[in-house]
Structure formats: C-alpha cells, structure tokens
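What follows is a pair of complexes built around chain A, which joins chain B in one and chain C in the other.
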Partner chain A sequence: MDLHNKNKTCWNCPAAIFKGNVDFRGCGQSRRIVPKGNEKHIVIECARRPELGHFEPSITFEECPEWIPMKYGYMLRDMRVMILGIDGYLGWTLALKLGKLGFKVSGIDNYTRRNCVMEKGSHTVVPIKRMTERLRAAKEVLGIEINFRRMDIRDREKLREFMEEVKPEAIVHYAEIPAAPYSMVDAEHAIYVQNNNVLGTLGLLWVMKDVVPSSSLLKLGTMGEYGSPLTGRPLFEGMFPADAVLQWDNREWSMGGELTPRDPQSFYHVSKVQDTYNIYESCKYWWLRSYDIMQGVIYGVHTDEVAADERLRTRFDYDEWFGTVINRFVTQAVAGIPLTVYGEGEQIRGMIALEDAMECMVRLIVSPPEPGQYDVVNQVSGVHKIKDIAETVAKVGKEKFGIDVKIQRLENPRVEAERHPLEVVSKKLPNEFGFRPKVPLEKEVERMFDLLTKEEIKKRIMEKIHVIMPVTRWTGEKKKSEVLEIYTPGTKKDEGYKGRLDT
Partner chain B sequence: MKRKRTVIIGIDGVPFSLMKNLSDDGTMDNFASLVDQGSFVPMRSSIPEISNVSWSSVITGKNPGEHGVYGFTELIPGTYSIMFPDFRALKSGTFWQENPEKKYVVINLPSTYPAGEINGVLISGFVSPDLNRAVYPESLLVELQKLNYRIDVDSEKAHRSYKLFLDELFEVLEIRRKTYRYLWDYKWDLFFFVITGSDRLEHFLWNAYEDESSEYHEKFIDYFRKIDEIIGEIVKKTSEDDQIILLSDHGMEGIRYNVNLNTYLSETGFLNADNNPEKRYRNIKKGTKAFVLDPGRVYLNRTGKYPNGTVTEEREEDVIDDLISCFKDLKKDGENVFRKIYRKKEIYHGKFLNNAPDLVLMPNKGYNLRGGIGKKDIFTRDIFEGKHTYEDAFLYVRNGDIPENVSVEDIRKIIGY
Partner chain C sequence: MSMEVNEKSFNREVIDSDIPVFVFFWASWCTACKRTQEVVKELAEEYNGKFKICSVNVDRNFIISEKYNIKGVPSFVIFVNGKEVKRGVGAKSRRQLKEMMDEFV
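Then we have the complex of A and B:
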C-alpha cells in the first residue's frame, strides 16, 4: 500500500525524544544540522520503543512497527489525540471518527458554543444530547471511550493538569468561537470572542511548551484570514512559494517562505490572524510544531459515525451568527424562506464538506510536522460563488424533495467586496497528504435535505425561525437588511468572476 | 570474619605493552610494585575489540552471542537506521544483578547507561547522553553535581586544539579521583572504578606516546603518571586480603591506514549505494549483497531482514564464500590487510546470533577497519592515531587465579561471582 506519510521519519514522530547535538531553529522553519564526518550522530530515544536505546531519527513510518497502516495513512498505534472544543460541530464529529479509527481520544469543552447560541435565542436544529449521554452513546454504539473534562481553555492550571495526565501526541484546537457576525454584535461580543480565541490559544501554547512540546498542534484557522484580494492574487498556503518575487522601484526581492498578507474580514477573523502569529512565533522560539489549517466555509451533516445513531449527531446551526452559508440555505429552503444572498451574491468562497474536512484532519494528524515546523494548509475542496450555491440548493430541493424556493438578495450587513476574483491554492492536502475530495456539493446538500426535512427537525427549525434574517451589521447598527430583489432560481445569467482552485 | 573485598580498576584501551613499558621504566612505580605481588599478563579482548562489547563481556562473563552486544552501532531491525546499543540491549545478567546480596560501588563503567537498580551505587560511563539517568541512586546526583562530574571528555576539543583536549583530560581525571574518594567510604564488597580518558588520549595522540620527540610526549606520559598515583592511592586503602584486579578492555596500536571496507565492497560489486552522507546506511539500494558496520563486521543484506534485502536464504553460503575470497584479495603495498576472517559460528555461540555479523574481519597491524558509507578511497588517513587491538589488553590480579589464554569473559570467574 502506498500511503502518503510512509516516508515521514522519527523527525515527525511525537514519540521521538530528541537528545543533544540538535538545533532545529532557522527562522521558524525546521533545519537539520548535518554533523561533519561520520563519527557524530544526532540521536534520539523513542518513548514507545525504549529498548532501542539511542538511535538516529531516520526510521520511516513504513518501517516502524509502531506506525500501522490504515485508510488515511500510517497511524501511530493508539495515538493520543486531544480535541479542544470537543462538544462542537467539528470537535464531536472528529472525536467519533478518530475513536472509530483506534485513536485514544480525549477532549475538553466548556459548552461556550451551546451557551452563545442559546444567548442569541437560537438552538441547534439537529438536536444533540448532553455530553454525558453523548459519551455513553459513543461507547455503546461505536465502542469508543472518550476522556472528557469540562473546562475553559483559558483555565491554564486545569489544562496543564489534564495535559500532564493524558500527554497528547496531537492536539486539535477547535476551542474558539467561530462566528464573524457574533464578533460584530457589539463591544462585549467582540471582546469576548477575541479574549476566548486569542488568549485561549496563547495560553495553550505556553502549556504545550512546558508539558507536551513534541505534540503537534492542529489549529483551525480560516480561509477568511486571507480575505479576498481585489487584484486576484492567489491565496497561497500561508507562505509565499519559493519563486515569488516582489518588484518595486526597478528592484526585486524573493518573497519565498514569507508569510503572505492577511486581510481579515471581522473581529473574529482578526482573532484567527493573531493566533497565526502567536503560533508561528512559538514554533520559532520553542520548536513547537503546528499545522495552521485554513479551512474553507464548512457545510454538511454527514459522517458515518455521526449518522450511526441519533444520539451521536453533531450540532447544526442556522442562525445568522453561527450558521454557515450552505447550512443556512438548506434550512431556509426547508422553512420555505427565500435563500438569503447578501448584496450582489458575487462573493466567491472556498468550501469543504464536513466529511471531507474530517478526512483532512485525520491525514494531518498522522503526518505531524517536524520540530519547529510551522506550516499552513488550505483545507478547501471547491471554490463557489454564493449565488451559484443558492441555485444548487434550490435545484436539489426542487428535484429531489419537491421544495420550491426562491432566492432573495438582501442589503449586505457585512463590509466586504461583493464582486471579486478568487484563486485558492490548495496543493498540500492533495499532494503531500493524499487527500482527494469525495463529497460533491450536490450530494451533501441532498443529505442535508434528507435530515432536515424530518418532521421533528423541521419543527425545531420553525420554532426559532426568527434567527434566520440578519440583524447584525458591521456598521454597529442593529437593523434588518432590506430585501433588494427576489428571483426564481435558474433565471439569472452567469456573469462576473469565476473562482479558481489550484490543486 | 572480615569479608573478602574486590577492587577493580579499569583503564580503558590500554595495551599490555604500554603498562609493561611504563612500569619497567619507573613511570608507573605504584603499578610496578603491585606487579610484584600478583600476576600481570596480556589478555584477549572481545570480538570485535570494541569497548561496549568488551565491557559487556566483562560484567556478564559471556560472549556476544549470549549478551547480544556486537558493536557501538547496530541497525534497527527492518531498517538501515543506526542505533547505539546500551544497557537496555544487554541480554545477559551482570554480576551485580545475579549477586544482589553483595554491595557494589561502580564508577564510570562504559555501556551501563541508563543506570538501573544495583545494591549500592552505579555511575554509568560512556555513552551516557544524560547524567540524570546515568546515576543510581538518583540521590547521588547532588553530590556529583557539586564535583562538577563529567561522564566523558569532550573529544570535540581534540579537533580544535590538543592543548585544550589535554587540559580537559587531566581535569576530568581529577574529578574522577574525587568521585572515587567520595564513594570509597560507602559499604561495598566490590569497588569498580574505570578510567576512560586513556582511550581518548591514545586515539588522538598515540604517536605522541611512541615518538619521544613529540611536543605532547611528556603530557601523554604525565597522564599515566597521574593514573599511577591514583592506583597507588587506592591500593594503599586496601588490606592485604583484598583482591585487586586491574584491566583494560582492549589494546591499542598506531594506525597506518583506515580501511574503508564498504568502499571496497562497492568496488567489488557487493554493495550498491547512493552517496548522501546524511543518509548513512540508508543509502543502501537493491542489489547490495553485503555491507560492513564498524569496525570489521560484515552483514549479508538478507531478504526479509532489510528493506532492500537481496540475499535469499539459499544463496547465503555462496555469498559468504565469495566475500571471504574477495576480502582475502585485499592487499596494501603487497601485504594482506586481514590476518583472519571469522565466520559467525566460529566465534559466537548463544541465543542471540540473529544480530551477529556473518563475518568478522581481523586486520593485520596498523589497519584500522571502518564501516560507514560514501568514502571515495579504500585507504585513508585522518586525525586519529590509535586503534584498538584484540590480543594485548592487559590483566593484573592480586589474590586470584588467572586462567590460561585469558579473555575478558573470564573476569567473573576470577572475581568468583
């Protein structure tokens, strides 16, 4: 079997305990110092194979009996993964997937997401159980033991204790408030989001440095960190490629390896950018290792694990603050509300289905960066225009479920370009981590309709129907967006820019 | 009744001839007078004559086929990655493990890292990457830190300046002396004290020993004068009934040439490898029939054992025969490089022959056998001046019988447990 991470070595393995004669530092990038002559060796010990004593860190995952082949690459036997924010949309879904694959899963959550959604008068339309029941169901249905601790990520003492107990070999960081509109509600909300996200991540880095410096950090960023540059400059994966050049004043400089510009679109996005810099620095100062994952707009309801039992379902939000665009469109269609396109609807975004995103995460977890390596991946499986997505949702709704829905253009509550080119580079996941998207947009939309049209769920949608129309404006006003136009799907001409995905 | 006690002083890498010369010429007076009270003979080292193999034989009384350690390096099973076998790789019990009723003080004994449980004290010698784990019990660390204890000299210094290197050798020897003094008053039945700077000194400055006009000759001799002082000091503390053993783990001689055996195998078609220094043995490609690990351990590149294994079980004997005749052909200036070529079964016995080399090459005088991949020439020279020898380690015993044709495996018999 040819697995993507077969040639990774002890350098990437969290079980490797590096000894002297090593210097990884080189401006935040890892570097191997090759000793002169044959007499000297960089040596390690292995936490999992102490009988090997000291040895050169060159055993490949393919060669090492501790790394066993599975569907998504070689995985470290019983690898310990801690998910921060394990109760959330992604956290819970990933926990089940990892558990099913044989990972030892632990996690923390303080139910911030449940509380924020409740505070805004909404609820998850797919009902989810209390954590104790979720854990019990995971055990009963999937045979998974999850080591859960209720805590705030910002409680460093508690976090440290838990890390010392578990000694995670990878840490997936989902413990952030992932909502641009929520961060724009007012000063309270903006400060709350930045406090939780930025300080939570910063504290985490300090704890990792002390307790699990060789664990890899898989940090959820967002494609929104980059913004959507009007020049159409490609959105590279975090850093400029080696052959990028800056020209100015008849002179030129290589930009290779430098962080690309970030242009966040809300105070929430700013918090993610701040995280990026904090992580980048900690990799440089302390040889931590991290993948900063710029995830496209997420959508969907399905993985085999969450679909295995009603009690295992992950949450699904549709309100203006926490609902993502495709999830909202499908809900609106089910509720009979014209799909809410903001402004011209010519905005183009990178997107990814839940199931594909989870596969990417597993592939990244089993292929850790080297010590000191900070790397960025753009986790995107398709690039779509908002207007086109509305068309797709309307089409699937009509053809497969007999739902007739119109599309409405609303005054854009956000400050953003409504018409712009977009070129997303997403080469690493397919080329280095063996990822091939498996879920076409239409397929996942159909699965969503399938679930959301169930009577009890439809009822839940209707119960909080008032949370659908946006009232949070980037200007700070609280005002409903006026309807600019209502039209029938299939009646608009295809115009404007086309998005592009480079894989 | 007073218990019989044993004191062992190990002096790493010192040949019989050197001890004899320096005790005859008055440099090592204390040792000379000790010789009058016991037996002083040449001793066979282990095969190969490498410190960690040899000391492992000393403390287990076993040959490598039984204790499982064949060299400073091994390849990790299923890979071409190098590992450095340490105490965890030792498959036989040591005298302190098998006689836990006795009390021990063991200082600077190579190849005992990480320091495990002992009825007494153990400070591991080289290679010990972390002092915290080289000391048992851990409580002793505080005192060692006060002494500024060091496991080994920093040989890196020899590459920069012999003066720095020599200063460091003397400094570390002095620390070692303070350490033994501190531990002497512990309760013990066996006190095992090893000096390892001698091996480092000889590797870098053997010519300074042989060449009296060398600017470092006096310093070299001084170092042994100081060792002799320590010997005298220790002997004075013993009673007449105490058993005293002095020994080295292997001998030493001057290097005429390094012999890069994998280069030879490459030229004769047995080895097919790339030349990336960072990759070391991972350069080995399909089609390779054999390769050499330091110093002269020849391994067949077996299918099923190595990622690019080439030699099948049916072909093993043929390839070994071909290798032997190929090595017999290697000459320098008309002289054979090897005086003996052993097959595995001729020299090793025991349960752990799996890791044993298929052939072990024993060189003629002055040929320093080398593994490693990627050297351009077969015969080279470098900074090192001394190389290990097999036949002339030395052994001195007071109050004990030395068997005929003694080797490092006999030390436990002489101690009696």
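Then we have the complex of A and C:
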C-alpha cells in the first residue's frame, strides 16, 4: 500500500527517545565543545520496544511493526492523542473519529464555549448532552473510552499532572475561544479572549517542554491570520517558498522560509498570530515539533461518528459571535430570515467542511514533524465568495427543501476589505499528506438543511432568533446594522475578483 | 538525485567524488532549510551528472559541521576534488543557488 507517511522515520516518531549526544542549538550558534568518548552520535531507544537497545533512528514507518497501515496512513499502534478543548464543535467530532480508528483519546475542557454562548443569550441549535452522558454514549454506541478531565488549559499544575499520567504522543490544541466578533464586544471580552488563547498556549508549550517534548503539537490557527492583501500576494503556507525574493535598492535577498506577513482582522485573530510566534520560537528553543494549522472557515454537521446517535452530535452555533458564515446562512434560511451578507459580499474566504477538516487532522497526527520542526499547513478545500455562498445556500434550500429565501446586504459591522483578490496556497495537505477533499459545498449544505429542518431543531432556532442579526461593531458600538438592500437569489451579476486555490 | 549523507558516508560521497558536489547543510528546526529542501531536490534533477547533491543535517552530524565550521543554516558548500571552493550562508533563491553552481559546471 502506498501511504503518504511511509518514508517517515524514527526522527518523526514520538516513541523514539533520543540518546547519545543530544545537543541542539538555535540557528547560527556554533558548537564549541566537541564531546569525547563513544557517545558522539545520536541514537535512539524505542519507548515501545526498549528490549531492542540503542540503534540508529532510520527505520521507516513502513518497516516498523509498531506503525500499522490504515486508510489515512500508517498509524502508531494505540497512539495516545490528547485533545485540548474536547467538548467543542471540532474537539468532540475529532475525539469520536480518532476513537473509532483505534487511537487512545484523552482530553480536557472547562466548558468555556458552552459558557460564552450562554452568556450571549444563545444556545447550540443542535442539542448536545452533558459530558458525562456524551462519554457514556461514546462507549455504548461506538465502543470508545475517552479519558476526560475537566480543567482550564491555563491551570498548568493540573495540566502537567494529566500530561504526566497520559504521556500523549500527539496533542491537538482546540482550547481557544474561536470568535472574532466575541473578541470585539468590549475590552473585557477582548482581554478574556487573548488571555485564554495566548497565555493558555504559552503555558502549554512550557508544560510540553518539561513533560512530553517529543509529542507533536497540532495547533489550530486560522486563515484569518493572513488577512486578505489587496496586492493579491498569494497566502502561502505560513512561510515564503524557497525562491521568493525581496528586491530593494537594486539588491535582492531570498525570503525562503521566513514567516509571511500576518494581517489579522480582529483581536481574536491577533491572539492566533501571537500563538504562531510563541510556537515557532518554542520549536527553535526546545526542539518541540508542531503543525500550525491555518484552517479555513469551517462549516457543516456531518461525520459518520457524530451522526451515529443523537447523543453524539456536536454543537452547532448560529449566533453572530460563534456561528460561522455557512452555518449561519443555513440556519437563517430555515428560520425564514434573508441571508445576512455583510457589506458588498465580495469578501472571499478559504473554507472547509467539518468532515474534510477531521480527515486532515488524522492525516497530520499520523505524520508527525521532525524534532524542532515548525510547519504550517493551510487547511482549505475551496475558496468562495460570501455572496456566492448565499446563492448556493438559497439554491439548495429552494430546490431540495422548498424553502424560498432572500438575501440581505447589511451595513458591515466589521472593519475589513469588502472587495479584494484572494489566492490561497494549499499544497501540503494534498501533496505531502495524501488529502483529497470529499465533501462538495452543496452536499454539506444539504446535510445541514436535513438536520436543521427537523421540527425540534427548528424550534430551538426560533427560541433564540434574536441572536442572528449582528449588533457587535468593530468600532465598539452596539448597534444593529442597517439593511442596505434585499434581493432575490439569482438576480445579481457575477462581478469583482475571483478567488483562487493553488493545490 | 539528492542524498542525505552522514559522518560515515561523507568522505566517500563528497570528498572522493569525481564530479563537483553541492552540500546543503540543514536543520529540522530551520524553516528556511525546510523550504529550501524542495528546491535542492529540483536542482539535483536539473544538474544530474554535472553535480552531486548531498544534504547534511547539522544536529545529527555535528562532527562534520564542526570540521567545516558551519555557523548557521542553511549553508551551501561546493566541493571540487575534495576541496571547498565556494560557500553561501543563509537562504538563497533558486537563481542564486544556480549562480553558485554554474561556475563549476
């Protein structure tokens, strides 16, 4: 079988314990002390098979009996994965997927997301159970045991104890508050978001250094870190490609490998940018290893695991703070509210369906970076214009569900370019990790309509209908956006820039 | 093709080579190195037969790195008949790397 990670070696394996002269220094520093004696070279001991003694770290995943083939690549047998933020939209979905594949899943959460949504007077439209019941259902329906602890990621002592107990071989970090508008409500919210996200991640890095330095960190970033440069410069995967050149004053320099400029669009996005730098530095200082995952705007409700039982469903938010754009549009259509496009609606964004995003995560988990390697992937399966998304949702709603809905353009509560080029580079997931998107936009939108038009769910939408129209402005004012225009789908001309995805 | 060499194979592959050798010193924590790996692979194809392309990981092969006084990565060193003839330090574009190599083709 030709699996994407077959040529990875012990250098990538979290079970490899480095022995001998392990002395790694930051770029540009020379080694002034040359060790004497026999321990000059780096060798490893395998944590899974200590009886093998010390050997050169050159065994490939394909050759190693501890790495077994499955559909998303070779997988370390019973690989221990800890999900931080396991109660969330993504965390819970990934926990079930990994558990079903045979990973040993553990996780933490302090229910921040539930609390934030409740604080804003909203609720998840797809009802979710309390954690104890979720865990019981996962065991009953899917046969999965999840080792859960309730804790705040910022409680480093508790986190350290749990890490020491579990010794995770990969850590998925979803324990952040993922909401641009929530971070723009007022000073208190902005500080809360940055405190939780930035300090939570910084503390995690110190705990990892001490307890599990060879575990890989899969950190959720966002495409919003990059912004949408009006020059049309492609959004590379975190770093400039090798032959990018800076020209100035009739001289030139290579930019290859330099972090690309970030242009975050809210205080939430700023927190993600700061995480990027903290993780990048910790990889350099301590030889941690990380994939920073710049995920496009996520949407959808379906994976086979969450759909297996009502008690296993993941949350689905539709309020102006936590609802993502496509999820909001489908909810609005079901509620009979014209779809809320901000400003011109010419904004272009990279996007990905829940099911595809989860597959990407599994592929990344089983293909860990090398020691010290900080790398970035753009996790995007399509590039869409907001106005076009509204058209697609309206079309699926009308053709498949008989729902007639209009589109409304609102005064934009955000400070953002409304008309801009966008070229997204997403070459690594398809070319290095074997990912092919499987979920077309229309298909997931249809699945969403299917679920959200159920009577009990429609009732929940209507219960909190007041959370749909935006009142949080980037200026700090609380004010409803004026309606600029209401139009019938299919009546607008295709104009402006076209998005582009380089795979 | 490009090959990863280590302390055991360095003399055989680099010093004793009949054709010029382009040695790319890299480290896994160096983002410029990771990006440059892709270009180095392409150059190996392009200069097939004219140049041998070798990579050395400085952390895994620090005796060679010490011997050749590698003070920063990426470093690019060209060897002809076992002797160092040219060196570049810091990330380079494809064009800049080709300029280094073309002197010895």
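Just so we're on the same page, the second predicted complex is superposed on the first by the 483 of 503 C-alpha atoms of A that agree within 3 Å, B and C clash if a C-alpha of one lies under 4 Å from a C-alpha of the other, contacts with A are read in each partner's own complex, and residues count from 1 in each chain.
Basically, a contact is a pair of C-beta atoms (placed from the backbone, for glycine too) under 8 Å apart; a residue touches a chain by one contact, two chains touch by 3 or more.
All of these numbers come straight from a predicted model, not from anything done at the bench.
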item	value
Chain B versus chain C as contact partner of A:43, first or second or both or neither	first
Partner chain(s) touched by A:374 [first = chain B, second = chain C, both, neither]	second
First (chain B), second (chain C), both or neither touched by A:52	first
Partner chain in contact with A:187 - chain B first, chain C second, else both or neither	neither
If touched residues of chain A are counted for chain B and for chain C, the larger one	C
Residues of chain A contacting chain B in one complex and chain C in the other	34, 41
Complex interface listing, chain B residues touching chain A	76, 78-79, 81-89, 127, 129-130, 277-280, 282, 307, 372
Of chain C, residues touching chain A in the complex	7, 27-36, 38-39, 59-60, 62-63, 65-66, 69-73, 90-96
Complex interface listing, chain A residues touching chain B	19-20, 32, 34, 38, 41, 43, 50-56, 58-60, 63-65
Complex interface listing, chain A residues touching chain C	11, 21, 23-24, 26-31, 34, 40-42, 239-245, 252, 254-259, 280, 283-284, 287, 369-375
